[in-house]
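In the two complexes that follow, chain A is the common piece, with chain B as its partner first and chain C second.
Up next, the complex of A and B:
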């Protein structure tokens, strides 16, 4: 396929499930796509998830198919470690400036891993949300794509160390690599910048406890590829859990924090409860909620979950989490609204169902400052420049299937922009 | 055979430990001496510029097939790709040196066998012409509600022609009833109006859109790119064509007459939310019984939803719809009091603001509880209705009086279950033929259970597997895949809007846009002779040697995508545009007459036969692993990336799907002296992960044939095992393989060796 039979040029910002899907769908409809991802690999949040609700299937399964479509597509160009820094629009075309941070590893890398063995420095493992470490030069996961190592400049002392250089037989490591700016002319931009987990430790009464984790960390604990090889071990003492409390709306639906509902946390906690129960048949699970939100056919999953006698669904908001002496256990104080009584429940682990913060909200630099956002910080299609579209959790909190639908819809709108600017 | 015309070049990479762990000269010898290859070279770093240049050079010098023995084919797929020649990737890295002991005899034998299998495939594989179809750049949109209207508008804006078919005399669907909607834009607090007339005018004025009102579909035949459609419009038949179809047939409210316990049908003042919509649209709410304005309105949420006795699912919009109606009623009459009885209030994302707005209104009270009944007073009485609620915050059992009760009834999809309708037809044929015994009983049972679905056809597809899309559950023809919500089992036909899943209007529009994009892709790829996801861009096409067909109908019945029709005798009639290249037909065919250029009985058999099986005195067992290339193969490779070790006696052949495994290969392997066969595929069952829907399930049912084959050969059943493996399971793969190897060792070597 040549540039000649291209239907137009589209940029997709964000390489999570929404961005990947938008890029693939637009490219398979004939557009050339530049996919811009901030981290060193594609997949975003879903690559870090253990299972999807309600099928309890592994996200890497669909991700692998999608990455195959990207790898074999002559129409998709993928830029990792990259961010959009400027957008200029004229006549249906947009000139976009992308800044690519240095990977310090070039395309000659074969991911053989000899460099890792030579590296003396370590860093906190961001893929595992800080649970565990990697070397300063690392492969984000066994299934990472691009399948290439990367260096964390915050952990690597650079040339003064340089131990990785002789270890690499392919001349793939370049510690002098610098950031690069590139300009692209495109007819449409899809913003699929996704979300970040809310830091719920700021919520009154919750605070910081070593055995209180967030729901995204729970996904890594449960994953066979995670820091505990899939066993649910609590952080303080590595003990296997006997009971778990889920705190719903930890920061969401809250006037003081996130006013919106994050849409997926109820189902995410039910899912986590289910896989914990499957692994620990004697564990008790407590889910403290305001409303249980399992829309559409997700309701069938809720109904199934309600059959489990050791899965206790309690309507009531958690007031306080405290530590139980030196046992490492936590005490969850809540009100059982329906039974009109207060509860103090001792558990081995507390999981905060932290909500979604739009990832763009935390970035004040241009061009995100030119993208007008709703009061919650999400992008709104109605307020964007012509040819610009928001998709997935950049637009509103939604589950994976909805993100994919939204991405496919955005791909159509991008295609329309290409068709109309071509005519013009 | 194809062999003679082939000019094969073999390139071996020595990088990434391959050169250090293996005897490369010995590998080159295998290539040179065992097969007539024109070029055989090794390179220290094949994916580097120099290596790639060497490959390019040999391709230009007339090589027809290239064997690249290096890393996994999942990497550098573009680096080593070629338009003019067949490329076979032999995995020496992840599947050999990264997962087995370096410098070991067994590791070397594994590498040599992998190379032999790759060369066998390169010699046998044919590059056939793709089946390009002249594709009609028109999209048929079935249904003129919000989803269908959005589909039509957006397909036209993308430059495609549209045929829009609506069964009613007017476009708009439920938008003709719903005059106001809950908010979809900031500040997410105010009711929004809908300008339906403007939307209809845009469609009417669009020269790319042909609208048929009061129209139904008589039949749809053909395949993507070339659908032939007959419509019936005002009594006359109209023929038209389309390249792809978006079905947006919408929903109907749950039948409230089944909700007698909630007073429906027993008091005129118990109405549905749809009826409330009509009352509100008049600008003044009058109660049906006496025309007086109600003073107290009760909304009962989940009336027939989230209820095993009615609709087990949640209709996703009723909470917001009732909040809207309560606010609207308060706007029309500030004196009115409203009560909303709910199980859970479901206002996702930013619509939480809308919920908050309703909570701020002192005239709207929300009460969690289970409404058990609505008691209606006798006709003509002025007594109010009594809503009886249990398990509330105010007590275990309370009664609230209201003079108008609104039941928030849910959505029922307007969709037909194509597979069931097909089965009903088969059942009738069985009865008419006068069959006896269990077949007759099953046919009668089906008609008793599902007979009411007869005649519900909407699309009237002339497909062998039924006239409409297959249904997933609860009547919705939704996708089973979370990652792929537009996956369809009838290629080129995409469900959108509330017939696919309960949706709000904004969701319906997004859904319709996505479906249109898939329809456009389908038209474009069909024209290029390529298929769609998950084998995107695959241009191979199954070839049927019809003269040897015995009309057993296994292929036409088992194709997950309904791509094969049948003639009168039962001979398959292929439709390459519907085909997704999964190869399940090839797996099904007992006569082995179905083949793809690069994936055929002969190609895979040749690979199996290329493996050098040591004789029994060497005591080195050989285990054949047929691995689904979607999950099992990447899982094996990921195990290599993680440097996990397992038995070096395995020989892995990737297959398109476990359903694309023909039993003859298993017989071939056993005859060849393989001691055990491991079939690795995706999960089957209700929560299947098979990308081809029922491939791994079909392998399960075919395992009976395998068992019989083993019995026939007087071999132990345990020699063949089927395992379901997900990509995320890669860390448990080595143990699984080693356990199987140990079991085979215990059983002993295959007596058919040598």
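Up next, the complex of A and C:
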């Protein structure tokens, strides 16, 4: 980093689309940026998406461009597997302590994959939301940055196994690696900690069924890099589907679960209906909703979707999902409000349109506990600490395009506070 | 696949809506028509399910539709809907508030119903029989003998308040019961006429013929349903309510049977010879009465508990407990004055009944007579209030259940609902 001509020092917490954008914007405006990401790769939820609405283009191209900007930037320092553990504020500067968990793989890794072949242990594939497994040593994503393997300490028995060590021709594996703490002095912190999908299995009446998946899982099923290589098949038996039901507001807008509307799930389900239609021209697709929310120009996408004669948009919330004997089919129960009749619809697959839980909501540990939140657990910019700014889905649920805009505005605010703390 | 119905002009009745809000439906405006309630209700119907549509009607104050709606009576207030409502709109309580309005609407004269259903009316209702009976007894006997017991030493049980002539009691209560009968017959016939009109508008005439029943068969189905508590048995969240209602109903029927039997004392040869009133403690009639009273006491106590602490098969729920992923907010069954008054009177009747029985054995004079007067007063209040209180649910609900069976109103979840 070039301290001399730096316009300030900014820390960005969260390496999803919001954090990446904020880091790039701040760095290209002349700030030195420390980008802290909890997982082993950059890209966050967006990297797990198949396509964006309404253009139905893959996130890969935008991510690739941004990752390249990060790679080539002399001002961005990127820390993966890292979390902020402490923030101390004084005189416009913040002393931030970051703890980095061990990756057990160093920079010599070429991601050749020889270690994966040697590894005997497996773990649930978190990138594919539990659909399938990986070895204990794995490449986080095909697009991973840093492009290095990583070891899941929860699955790896460590040195007592050590089968990966001789397999690596580059000496890149270090099972003795330990967690490290680093301290940084920054003038501004951007919180871009994003969201986690709501676990709808706690919703009474929905339960757990092998052929019931969440909308984020649907993205992985449709993605060419997903567990089925992009084919939308039933999880229970790998069969092709004849019909699918999208259950909107699965736990959302519900005072018993998530009180808020996540604002993107309606459009996401309409988009996923297109995924299904692209692979199954004759499938019946049902979307059960309370209200279909298509803000602004998304109205056009909705109107286009309504042209599909086998896409059935039904006003009425699904309150019960049961299994149909041993066929693996599911029966969703709802009231068709406009027709005033009760429905029991049998479908091959149920997709729960689950909402966004702010990732920091249940994070009570310091320093996130000092950040003020709204009643839903999202960070509230109005009362955040001086020099601290929330952006993207950490602040409120929003789509990717809004996240990018929000990141830019947070970067501008961070710049302003760098300038003012210089003066001070 | 869904045909959007043609918009119809409606006349919102804000006054009616505000009455619902004031009598237990205060959360009705929170409803956003997601229809979770209609799905989770085990008693709801395949066509025009409830209570989602009633919530909409209530928000608009569509009085005519609600009062003649058969579905408000198919609801048994088990509150499965309330427990799952994402907005806390408490559809179960709104349905109860609508039923109150229906009772007060159909039981003529309305001014009397509106009057006796008010809290401030209850003391007068309780005092009135005391005064009336007292005056009559005073006029017919010297005052000093009024509380004197006429003991017959060779019997364990002595004659009840022999100073108060039994013919007087019978005549007094028989008149009241006759008046009730007139009110009920008028109310039910008006209700039936309105049910038919609404049923036509809702398209019940189009229901499948083979699912319809004759009136006689519908009455049989309904009686069976009531006796076996088949509908109550379908409730999930508040299933224990079935047992409390069962105790109260069977206790009530038992006491009614004993009472009717006792009323025949003057001309019943069986009573004259073998069973002399009051009954011996081990008389089958006395045993039946005590058992029935006990059942009613137990049932009423369980109902009080249900309104104060909510228990489920999973255990007792207190405010803030998480039950099946749902945060429990206060008691699930929120009693209103209308609800508490009926329960309270029933409980007071059975408690004073047992009270005078015990005091009678203990020969506590003159307390036993005083408790007896209170007992008579609560019975009087119950009988007067029969058409105008929650007591009337047995009439209107039974009528609605007969109508539902008659018109082939089918439960949801049947095979016909699959595409």
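Note that in this section the second predicted complex is superposed on the first by the 423 of 424 C-alpha atoms of A that agree within 3 Å, B and C clash if a C-alpha of one lies under 4 Å from a C-alpha of the other, contacts with A are read in each partner's own complex, and residues count from 1 in each chain.
Note that in this section a residue touches a chain if its C-beta (ideal position, glycine included) is under 8 Å from a C-beta of that chain, and two chains touch if they have at least 3 such contacts.
Quantities reported herein were computed from a predicted structural model and do not represent experimental measurements.
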Review point. Taking the superposition as given, does A:316 touch the first partner, chain B, the second, chain C, both, or neither?
Key: second
Exercise for review: Considering only touches as defined above, state whether A:257 meets chain B (first), chain C (second), both or neither.
Suggested key: second
Check your understanding: chain B or chain C: which reaches more residues on chain A?
Key -> B
**Study point:** Contacts of A:203 with chain B and chain C, given as first, second, both or neither
**Key:** second
Exercise for review: Could you tell me if A:29 is touching chain B, chain C, both of them or neither one (first, second, both, neither)?
Suggested key: first
Exercise for review: Could you tell me if A:126 is touching chain B, chain C, both of them or neither one (first, second, both, neither)?
Suggested key: neither
**Study point:** Touching partner for A:298 - first (chain B), second (chain C), both, neither
**Key:** first
Practice item. Check whether A:63 is in contact with chain B, with chain C, with both or with neither, and answer first, second, both or neither. Key: first
Check your understanding: With the two structures laid over each other on chain A, which partner does A:338 touch: chain B (first), chain C (second), both, or neither?
Key -> both
Practice item. State whether A:411 touches chain B only (first), chain C only (second), both chains, or neither. Key: first
Check your understanding: Which chain A residues contact chain B in one complex and chain C in the other?
Key -> 253, 291, 315, 337-338, 340
Check your understanding: For the complex, which residues does chain A have touching chain B?
Key -> 17, 25, 28-30, 50, 52, 55-66, 68-69, 71-72, 74, 108, 110-112, 142-143, 147, 169-170, 223-225, 229, 253, 259-263, 291-300, 303, 315, 337-338, 340, 374-376, 378, 380, 382, 396-398, 400-402, 404-406, 408-409, 411-413, 415-416, 419-420
**Study point:** Residues of chain C that touch chain A when the two form their complex
**Key:** 1-5, 32-36, 38-40, 44-49, 52-53, 84, 86-88, 324-327, 412-413, 417-419
Review point. For chain B, which residues count as touching chain A in their complex?
Key: 15-17, 45, 47-48, 71, 74-75, 77-78, 81, 154, 157-159, 185-188, 306, 308, 312-316, 344-353, 356, 368, 391, 393, 473-474, 476, 478, 481-486, 501-502, 507, 509-511, 513-514, 516-518, 520-521, 524-525, 532-534, 536-537, 630-631, 634, 638, 641-642, 682-683, 687, 689, 691, 726-732
Exercise for review: Within their complex, state which residues of chain A touch chain C.
Suggested key: 202-205, 249, 253-257, 290-291, 312, 314-320, 333-346
